[in-house]
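The same subunit A turns up in both complexes below, where it pairs with subunit B and then with subunit C.
Here is the complex of A and B:
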């Protein structure tokens, strides 16, 4: 019972986090590629409730930033103009969940831009970019993990169930994949592919590249589970009654692998998000002006950004709750699936 | 000759030993060595007189490939060589005008075809060997020898014929041109005079490329510059020492250079160079980007940062106007129909927000460009070229006139369509190693989006980018930059001539593809042989106006030359011509003597 509650808790956390990212258009006040050339590298703006005369406002308000004379990135608050936040107002167009055209935003302001997490070198709102960037990074992680697990399940089940020379060949095939340093492999794989691609193609490429690299470990784990499952008494009995292979696999063997697969998924997704970030950080991910968490962090490759604009580090913090959520889910899953013995899923995968 | 060489070396050794033996005598002896002998005819430089001693540490992007001025093509080699060589006539980087160097005087005949050069008296190479007209003869023979493949050779071909050089006597030579040469004596700048006594034999054996490499022992290499080779530590640094025979003095008659040693550290990235400079390991820094310049300016600690104003680098966007005949991919051929339309290019130009580029890419430390000549090139810039403000309305009007229309796109934004109803989409190549140009492209992408054009920015590794632009010609558009090596129209002649190899939008044409390119060819050829500055300026102004009107390149912006030096360094006056900081290296000195020499 405790395990179940724990599992539910982590699931709720993750669903909430993913909902936030999936509905980025609603939570983000601006279009992530919209530039404001008067506002490069603006620091995060502060929200106030009490103005300079000591009056308390019901709605939070902010002072718009004004560039300091003769400077490039130094701003002063324009105290004369207190702008209050507007909740549930109309803003830039977007598609909710990528489908429904919509203009409703959680918050925004008329007459001045409110950038709660500052802006980047083009004056683009950092909060909007982090939210939209999460869509790319998380989706790449989810799809990548999906591809890996399908490959791993197929190959592992075939090797474990049929055994013999098939097992030999498939397992020898996993070995180079286990031994290779995955980062270099990702870079190498990406280098074979064309550089000039549209954003969607770039995204699909990156998903396939990430997904195709890591299948070896789940395949081994699945094979182990299948090996032990196919020798269980009830499987032998079913075979004795003349059940065909397909029925045995589908009905009796594969269900045994579900806990391993779920745990693996919970571990792989954050890792693949990180892989996408790594590739994007190195300039191999989705192209500008689209955002992904790795793209956003790539700004930090410049020494001047590293030393001058601390809010450019924020995308790195964005991944922390997701990682905690997934790892918490992974351990809860494991306890739920098998509270007495530890196997499979705990194993470290992909470095 | 050989004896004199030996004895002078011994003498020098003795001089350098003496201070150690007799401390009291030392200053007198050194002072004597630093005063030019009576038969010498040194060049006296104006400017603040400094004090001798100490070392200056400079960081260099990469190791120089060679020290041989005949073969050097890479920037690090050229920067090092510039401190080790001298030319007959030199361009003063501050005034951008020529001044006599090894040549005491240059007389031009009235028809502009003959240059009579008289050398200074008593010149010596850095190994003590005297220099005479034979060395000059030898040097030009090497530069003009086709089998040597010297990059300078092209500059010495005038009117299709190489310059001929004749020796009159030990101090006098005559240079004969086939046609009058508009560049005049600027042609001599950068042509280092070579030590015949060291190079003649290798040259005759065809082994010139093997000499003057970094592994050449210091005593087998000599030049006429302020410094000479001392030590090379592979992968780390190159140490040069003061040339005791240098032929310039300061106003007090003190022999230059002031510094005892010049150290080049190999620091591969500009961010690492900033860190070295901040930590005090390097004394000067140049070629800075605006971001790092402002980081350094903010945390100023014992150093001075100087913004020398726009340099000679011009950045631009250009479209693929190559005529590839039947080999063109159909998609590119379709796009080229737009690119060849002058109004399309003018519309793009009108839509580009150059002020935003200067502000966001260069943090305001640069100049917006509407023509190829930067404001840093003071003598040649055509100030008549207009600076139209960004206007989307004008751009839309131009596109409408050229038959483009708009429809409502998928996301509700207007999408531009050509006369055949196809959407206007193309990609812009940029060099992935150049953050500034990638940033410019991203800004242009956003500017053009407002016209309904869908633009993709494709950062490519520099080599593959050049390969696409120059060889395979598989690209739509590209953002690049060029740096003129001299403030003279001729330094960019290969960019403007339609048969030039760097005529980027359509290089090496057999016949000018358009009428206006033919017109530019004619004007450039004409200014090449015009002899007065006023005449040449008029012709080159016309070239600039044609370029601004037809927009084969959409000129964007030019960055300022940004540099910094420790406060202890005297005579630090960065110029906008290369080498930005070390152009007056012989006059640089340390204010507090050799105090930091121990680092």
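Here is the complex of A and C:
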């Protein structure tokens, strides 16, 4: 029972986090590619409740930033103009969940831009870019993990169920994939795919690359489960009754692998999100103007950005709650699948 | 000895497989280093064709692979197009720097993980155990990219550590003592990142392995004999728990190599990582293949060292049939 409750808790956390990113359009005040050349590298704006005269406002308000004379990235608060925050107001158009056209935003302001996490070199709102970038990064992780797990399931089940030379060949094939450091593998594979492509193509490309690299470990785990499952009495009985292979696999053998697959998914997804971040950070992933957590961080490779604009580091922190959530989910899943095992035997699957 | 020779053959096979894999990817590659030249109207198509013929890019794949393999066996890793020099020496300098980083990080992380894990297992379920577990879970939730950038940010703002590179300007003019000091200062940040990202996994495994052994009857007997606690833990219990940990040692090298690639790029450490990324971006074929192969070699050597350890530490392998 305790395992169940733990599992439910982590699932709720993860659903909430993903919901936040999935509805990025609603939570983000601006479009992620909307530029404001008046506000490059503006620092995060502060929200106030008490103004300079000591009056308390009911709504949080902010002072718009004004560029300091003779500088290009130093700002002063324009204390004369207190702009109050507008909740649930109309703002730029977006599509909710990519489908429903919508203009409703959680917050916004009329007359001046409110950038709670600052802006980048083109004056694009960092908060909006982080939220929208999460969509790209998380989707890459989810799709990549989906590809890996289907490859692993197919190959592992074929090896385990049919055995013989097929098993031998497939398992030999996993060895170099298990042996290589995954990042080298990722780069090696990425090296020989086209570099200059449209953002969408680049996204699909790296999803496939990420998904194709990690199949070996799930395949081995699935094979192990299938090997033991196919010798179970009820499977033998079904075979004795003349059930065809396809039925046996689909009905009796593959369902046994579900807990292994779920646990693997919880381990793989955050790693694949990180893989996307790493590739994009290195300039091999999703290109501008599309935002992803990785290419947002790529700005930090310029030394001047690193020293002067600390808020450009914030996208790196965005992944931490997701990592925490998935780690919790993975350990809860393991306890749920095998409550008597001493915890601690978990390996990172991408080595 | 049969065990070791088997592992050696296995290692060679892995290397061979990886070289074929990386070469195979090249055949899938659209375009090569000379594509940009072809777009340049000032360079005659014949020149480009001659250059491609010179580097034998116009030959079919198996021929290229065979020739490359032949030259690798003779110690020549091919030629870098963009550096205009042989790949071997180029990689060698970088490999030394990468090794400096990874070997230090491996030693440090194991040197920390063993006592922490043993300590945690000794107080299994207690306050100290859960304190360590929580700390490790916290570390695990911070990915290496975030950690490396965060530390770099910290270094840039505090000015306590150099923000990248391997040596300061004017390194050559320093005295040997100061040279060492300068190098150490530059190494601190990358090594800290590598150690901190490797640590949680290692500590968990050490703890789990030790927890399994500490209940064993022979240890209770030893305790009953009045053998001091530290000797009991490190002299008696740890060797018994060593088997899975030694396999993990080989595995941790792979993880560290991956991690170090990223850390090197972030902290501009002149190792294999930045070279490889540059080579990929400019389609410098032999540098990529050589770099991937070299890191596989490190990994295979690391795993072989782990196997040697295993052979030394586990008498079952020496006498019985090969366990796995």
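In this text, the second predicted complex is superposed on the first by the 345 of 351 C-alpha atoms of A that agree within 3 Å, B and C clash if a C-alpha of one lies under 4 Å from a C-alpha of the other, contacts with A are read in each partner's own complex, and residues count from 1 in each chain.
The rule we apply is simple: a residue touches a chain if its C-beta (ideal position, glycine included) is under 8 Å from a C-beta of that chain, and two chains touch if they have at least 3 such contacts.
As the structure is a prediction and not an experimental result, all values here were calculated from the model.
Using the contact criterion defined above for the overlaid structures, shared-chain residue A:307 touches subunit B and also reaches subunit C. Of the two partner chains placed by the overlay, neither subunit B nor subunit C lies in contact with A:51.
Of the two partner chains, subunit C is the only one touched by A:182; subunit B is not. Shared-chain residue A:297: touches subunit C; no touch with subunit B. In the superposed pair of complexes, A:198 makes contact with subunit B only, with no contact to subunit C. Of the two partner chains placed around the shared chain by superposition, subunit B and subunit C are both touched by A:283. Of the two partner chains placed by the overlay, only subunit C lies in contact with A:327; subunit B stays clear of it.
Legend: residue contacts after superposition of the two complexes on their common chain; A:73 is shown touching subunit B, with no touch to subunit C. Of the two partners subunit B and subunit C, it is C that touches the larger number of subunit A residues. In the superposed model, A:35 makes contact with subunit B only, not with subunit C. Shared contact residues of subunit A with subunit B and subunit C: 195, 283, 303, 307. Residue ranges of subunit A in contact with subunit C, taken from their complex: 175-176, 179-184, 187-195, 270, 274, 277-278, 281-284, 297, 300-301, 303, 306-307, 310, 313, 316-317, 319-320, 323-324, 327, 342-348, 351. Listing the residues of subunit C that touch subunit A in their complex gives 13-14, 17-18, 21-22, 25-26, 28-31, 137, 140-143, 145-146, 149-150, 152-153, 156-157, 163, 201, 204-205, 207-208, 211-212, 251, 254-255, 257-259, 261-262, 265-266, 276-277, 279-281, 283, 288, 291-292, 295-296, 299-300, 303. Note for the complex: subunit B touches subunit A at residues 271, 274-275, 289-292, 294-295, 298, 353, 356, 359-360, 363-364, 411-412, 427, 432, 435, 438-439, 442-443, 445-446, 456-460. Only residues 33, 35, 37, 40, 72-73, 93, 121-123, 195-196, 198-199, 283, 287-289, 302-305, 307-308 of subunit A touch subunit B when the two sit together in their complex.
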